[in-house]
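Each of the two complexes below includes chain A, the first together with chain B, the second together with chain C.
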Partner chain A sequence: MKEPENNFISVFIDEEEILVPSGINMVEATRLAGKEMPHYCYHQKLSVTGNCRMCLMEYGMPLTDRATGEPILDRRGMQKIGWLPRPAIACATKALPGIHIRTDSELVRECRNGVMEFLLINHPLDCPICDQAGECSLQEYASDYGRGYSRFVENKNVKPKRTRLGPRVMLDDERCILCSRCIRFCKEIAKDDVLGFIDRGSYSTLTCFPGRSLENNYSLNTVDICPVGALTSIDFRFKMRVWFLKETASICTESSVGVNTLAGCREGKIYRITPRRNDEVNDTWMPDSGRILHNPVDSDDRLVHYTIDGKHTLVEEAAKKAADILSKGAVAVVGSGRASVEEQYLLRKIASAVNAVSVSLVSRTGEGDGLLISADRNPNVRGALLTGLIEQLPHANLTNLATDVETGKVKTILSLGEDLTQCGLGRDLLEKSNLIYFGTHCNETGEVAHVLFPTLTVFEKSGSFLNQQFRLQTFHTAVPGPAGIRPDIDSLGKLLHCLDPETIPPSNTVDIWASMSSGIPQFAGVSVENIPKTGLLIDGSQWAQLPFIEGKSLHYDPATQQSEAMNISK
Partner chain B sequence: MAFKQLARKPLNWAERTYLPQIIMGLKITFWNMLKKKVTLEYPDVRPVIPNGYRGIPTLVKDPKGREKCVSCQLCEFVCPPKAIRIQPGEIPEDSENAHVEKAPKEFDIDMLRCIYCGFCQEVCPEEAIFLQKVFSLSGYSREEMVFPKAKLYELGGTYPDQHYKWEKKRSAAEENQANGHG
Partner chain C sequence: MIPAEQRVILKYLDEPGYTNDIECYIRHGGYEMLRKAFTMNPEEICHEVELSALRGRGGAGFPAGMKWKFLDRKSGKPIYLICNADESEPGTFKDRQIIHKDPHQLIEGMMIAAYATGTKLAFIYIREEFPQGANILEKAIEEAQASNFVGSNILGSGYSCDIIVHRGAGAYICGEETGLIESLEGKRPYPRIKPPYFPAVLGLYQCPTIVNNVETLCNIKHIIEIGGEDYSHIGVPGATGTRIWCVSGHVLKPGYYEFAGGAITLGELIYEVCGGMRPGRRLKAVIPGGSSAKILRADERYEGHLRDGTAFDWGIDDIPLDFDSFMAVGTMSGSAGVIVMDDTVDMVQALANLNAFYAHESCGQCTPCREGSLWMKKVSTRMCNGKARAEDVDLLASISKQIEGRTICAFGEACSWPTQSFVSKFKEEFAAKASETRSSTDNNGNRLI
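Showing the complex of A and B:
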């Protein structure tokens, strides 16, 4: 392979020379130059069709004498540029060495004005009732290149307005600008080719193939990439205007893929989850099933009180009581693959402070879809390995723990977020033991717990997860938790402090990371501030021999992961 | 500063009786009694409010009784003191106005917050919210001063529609259908 600098070529955008990676197209090159090339049909992760014509630009190449190969110079001694007499589309023009383009000449502006006028001829005046308003490319470019009034006096085309393409996607054909992004997505990414255009000219209409519907688990990505409001999410439809939503970076907890997401919230309520671009993990996609994971946040059965034996109390009292129980010994700790790295680290400290008989995790598995859902449905099993909470991969049932409780080896169980009744410990067994439970929602384990710590969901706290690639990714507080509930690391820190008054309870993730980066060799030098937006790859070669259950998925191949790990360890 | 001191002139006989002054005063009184009234017996009599006055904001319906607001939430966005609260909703598909698709489920204006700036009227793309000439409001509680949708329509009444945008849309659809398209 060539050296990276050899992969860069120089192009001239509006007479400004910049270096761009070779092989990219001129839309991307313009973006790298800090300028905007308006476009509708082009999408970074899809094939180029060049059908919207919004990205028209002028381009030219430096002229050379065909006979001699000598550059042709102008009067100033500069190489002459042979400008093409007509505009070309930027999305289908590859960056060539020395290419000159004009992104803002009079001709280019006229082209854009013309394209906009044609697009708006049949476009309905729907913005007040259109969910896309506020994040609509057509609206944005209409304000830049639209003429403000229409010269088209005839009736606009009428097309179906409320077509259900599938269980989650609604189509308004009048708003469709026929860019075919959705069609290409279904074909190329979701591999479920169900959409197509019928009829011709201005009667062209997007529709599903007869007898089919857009129901694959990635259907809502078409809504995200549709540049206009033609495709809308049935779930989010008419719920809230996008300009009210504050978007917070989060991580999807559906599986160990660790899809990067944005949680759109207004006044403490989450309205929608959309994918956040990360070319190393999920590109610009996410599964539909991950978009509804915010629903439990608002449910009525949230735990909202710290309780000791059914009585409400303060977090300090609860921590004191829990420490009393734990210091009697014979403790088993049940961690969670859904807890953040920080929480798992504190839990490990607690486990060693009480000399836990056993520490276990509960595995959750499902079928991987080869794209963005992996077989391991815990987002952070690798975090538990890194923090030293566990050494082996977890099992779905806690049979050993059940025997230990039965034989009396274990008298106290500390569970961080796992409903033990779901993993092989019956209610009678739990009643036999002292139970300390950290949980978000009411369940049977919470009912029998002696000390109960309500915890926060992933949207209400900050922290990090390690995904299947051993990539450390952070999530941030999107909405405030129920009143009076401290972040989980706070309650765990308080408990740790009660067990071992020497330790100062950490008040935030920065403190915990300071401690982790000095205590865990793989985390050396890592702090929350220096984790990049695309995540930080952690050396997981120490665990390469473990039989991880994930199969191949987008940007992850267990085979290469393992061989790379081997190389590193060699 | 230079100044000159003047001696007060002594009152003459007529002045000493005070009668001319009393007569002058009564003349003004009687003159005003005969003139047209300039004050109003508020609140029994109300002033005439000029057009363009900015009183309380209300929602209006079109002459055919359709609620004009489509819950686009632009007024909620623009309102400086955040007096407006809207919960958008969908018009059911079997409704007569199904083609409008969207209407507010709830629409509250907190009249204690409103500063009568008129931005909501200015921004509304559907001409659905207008400031009325009502300038005095009172109530016994804060909750009472948050006007719900029904009350806003009651106060707003009907407003003549200049465009019938949605009617035009429907008739265009029908026409195209009749021509075999759509």
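Showing the complex of A and C:
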């Protein structure tokens, strides 16, 4: 046997020896061996119920003489394996040192074949109209392990086809394979135990408890983990065949948790947002509320023209004009906790170039839900700290700025994405100042701006955020922005160039990172193109004393996060 | 000569004048063994039970002493004892007699077992369909509490334990011990996966738990009375003590009969004890251990070797009534429910009837049993309704094979063994159905599928 490393044990999968972390089950061990153990009911993040029986395998342990404790050897001098007479389920079998399993024997194939046949006999022939088609485990395994023809000539069971479990989730009981994943999710993760089975045997039916409804803010995760098309999203149902969707890695901007997501798009339109697994941040979950954040992308009130005093212009002209205004001094910069690290860095450069009187950030807060929505509703306040844009945590109101405008200390305001009228600066006050505004949508601030730069939403550009854990995570362009609109870093870069012709405008995030990693000690050596899938923890110990407002959430504990931050700095 | 019963558990319960109140029980020497047990320490009692080689009477025949040994006593968690009084295996009706007519015998056996296992709280899980039995047990427990046989500081021993009667949820699967535990916890009786949920380690409320059948627990009292060693000499090795056989079906005198293990044969039970077949009828088949046991065909011969190596060559009448002989002939003594069928029985209909039971009782948790049991029901019912096809025989056998050994609990075997054995042993009868054409409606015009 191979030499065991720390907490790693040696297991044999179809005679091939591999080292796996001790304590994992044989579905995971098989995955690590590069093979597939088909499964329906097992889910990495839920308790194990072992009910689908798809993962049946053969297993055995090396035999030892009970009396002497010596291994029993076969004729070739190898230790004999005591194979169990019955197949066992891989999901409930822990990897034990020296365990042998067969994932592809005659018996195992027969078992899968049998389970597939049983699952299909009462299953409706809905694939042509079923939203799950194309990403359905039942379809996939049917083609991999199924019999290919039916021996079933009886009447199929009839069950309810359209049950609204809640405002966002629809249930088709005939498609349900009774794996109980959704029930376990509600109970164990969402802590909202509302689903259960009624009746028994093959007539078992999933339902919501009487008088209750599946309406918690995590309800759509049941749709994600349902291995079949039994649970569908009322929003997404019948809208798009999933095989047409191109999925792009994104980050949810709902709060500083930084939930990892996938934006599913076709021909420039986003059809759905689903969670992307990150065991350090959101596991495989995301809140329902984060899934509709793509809606504003398509709205009619997008800003689509660079303008100077209301007249359309080119981005270069707008940058020149803005630089002229800014060069006159008495500038206040308002940054955004929704801007990317890269944008915040360029904004900081601009602020220094114009010797800004003040730099502020608008805070957004709400109640944390203890799971995947934190109290800080800005996705990237930490980025603003790291880039040096701000030194203190932001306030909700820009009262100081209002006073500065009032007293004439500030004559020009540059706002990156923030609607200042929502932050305590009245329209009349804004009209008194020179306003340069970068924004995605029409609003009052945009209306009174002298120079207006339309910008892109998080789905239309690439960049990175630093979440509550000081974890650097990247998002990517899922859909193109409105025609003619440059990425925000482009506009900011052009403006910076006009202010300081020495700087070459960066053409992409890589350029900016080259500059940041040499200028910001915590970013030294970081290259965004190849940060780990789970994101990269950045040393945040310098800010450990700030009164961050986030409470505990799924993978974040303010108490231990501080000590972690310390560890990185060592 | 009709073989005489050896009544130990049933000793008094059918005697004229024997009532189920505590005075009557005490007049007959009741609760003396509990007193005796308190003069021993728990380890001694466990040792006696081990020596007795008592095997569980609930169906699986697992040695009781060994089961108790598996108890995780080091967990620091409370230990629970559960009496399985769910008696729902078709053909089984012995526990009911004990509960109705001699409840204190069960309570005495339970309290000794509770003391021996260090039980904190004991439960009797009684099937919903025994409402009267539940009332009788509750009254008996009150009486026993009043006399300090149950409750705190029992008989001044310093040991305390109560018994709670829990009425079941009306499902066969509540008799499977882990399903029972879930039901007792107030959930659907979904049997648990083993590993990791072995009751002796992670049972009721994830605490170490012993589940024993009513009859098993009654035997504990008698083991204390005569000692484990002497008990083990009753009956034959592998089937020590007595066993209550429940005979139903086409015999003249159906009923419950208690014999020492291996004392008589199946033939003696049917023809002598139960008065034989009804006039003019011949024995066709026997299900020996409750409906889940594989059926035995009357004209078959059974050859092979017993576990100790001795060869046997038996007709159905020669099979001794014990655990291992039934195993040796390819079936099981199960819950000791002997269902006798004569030559009037249509085997396809009999199977369709059993399949309807199993399809109705499958809890629905795991795929093979959930889907397979209903499929077998649909096929066998269709065969009875004049729509049989030649390929149905093999199909039934194949479905049952796809269930067996692949499910969460032993219900998988329970529902597949009838089909497997009926189809293989009465193949010609099943095949003949394919050539019959019958109406698909019953006499009242109802559709039968």
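Methods note: the second predicted complex is superposed on the first by the 558 of 570 C-alpha atoms of A that agree within 3 Å, B and C clash if a C-alpha of one lies under 4 Å from a C-alpha of the other, contacts with A are read in each partner's own complex, and residues count from 1 in each chain.
Everything below uses one rule, namely that contacts are C-beta pairs under 8 Å (C-beta built on N, C-alpha and C of every residue); 3 or more make two chains touch, one makes a residue touch a chain.
Worth saying up front: this structure is predicted, and the values here are computed from it rather than measured.
Looking at the shared chain after the overlay, A:496 reaches neither chain B nor chain C. In the superposition on chain A, A:237 makes contact with chain B only, not with chain C. Residue contacts after overlaying the shared chain place A:162 against chain B, while chain C stays out of touching range. After overlaying the two complexes on the shared chain, residue contacts for A:92 are found with chain C alone; chain B is out of touch. Once the two complexes are overlaid on the shared chain, A:177 sits against chain C while remaining clear of chain B. Judged by the touch definition given at the top, the superposed model places A:50 against chain C, while chain B stays out of reach. When the shared chain is aligned, no partner comes close enough to touch A:319: not chain B, not chain C.
Once the two complexes are laid over each other on the shared chain, residue contacts for A:127 go to chain B alone; chain C is not touched. Of the two partners chain B and chain C, it is C that touches the larger number of chain A residues.
Judged by the document's definition of touching, chain A residues 155, 157, 203 lie at the interface with chain B and also at the interface with chain C.
Of all residues in chain B, only 70-74, 76-77, 88-90, 93, 99-102, 125-126, 165, 169, 172-173, 175-177, 181-182 touch chain A in the complex they form.
By the touch criterion given at the top, residues 48-54, 56, 86-87, 89, 92-93, 110-111, 114-115, 117-119, 121-122, 151-155, 157, 177-178, 196-197, 199-204 of chain A touch chain C in their complex. The touching residues of chain C, when paired with chain A in their complex, are 171, 188, 193, 195-196, 359-368, 370-375, 378-379, 382, 389, 395, 398, 402-403, 405-408, 449.
Listing the residues of chain A that touch chain B in their complex gives 124-125, 127-129, 133, 155-159, 161-162, 203, 237-241, 243-244.
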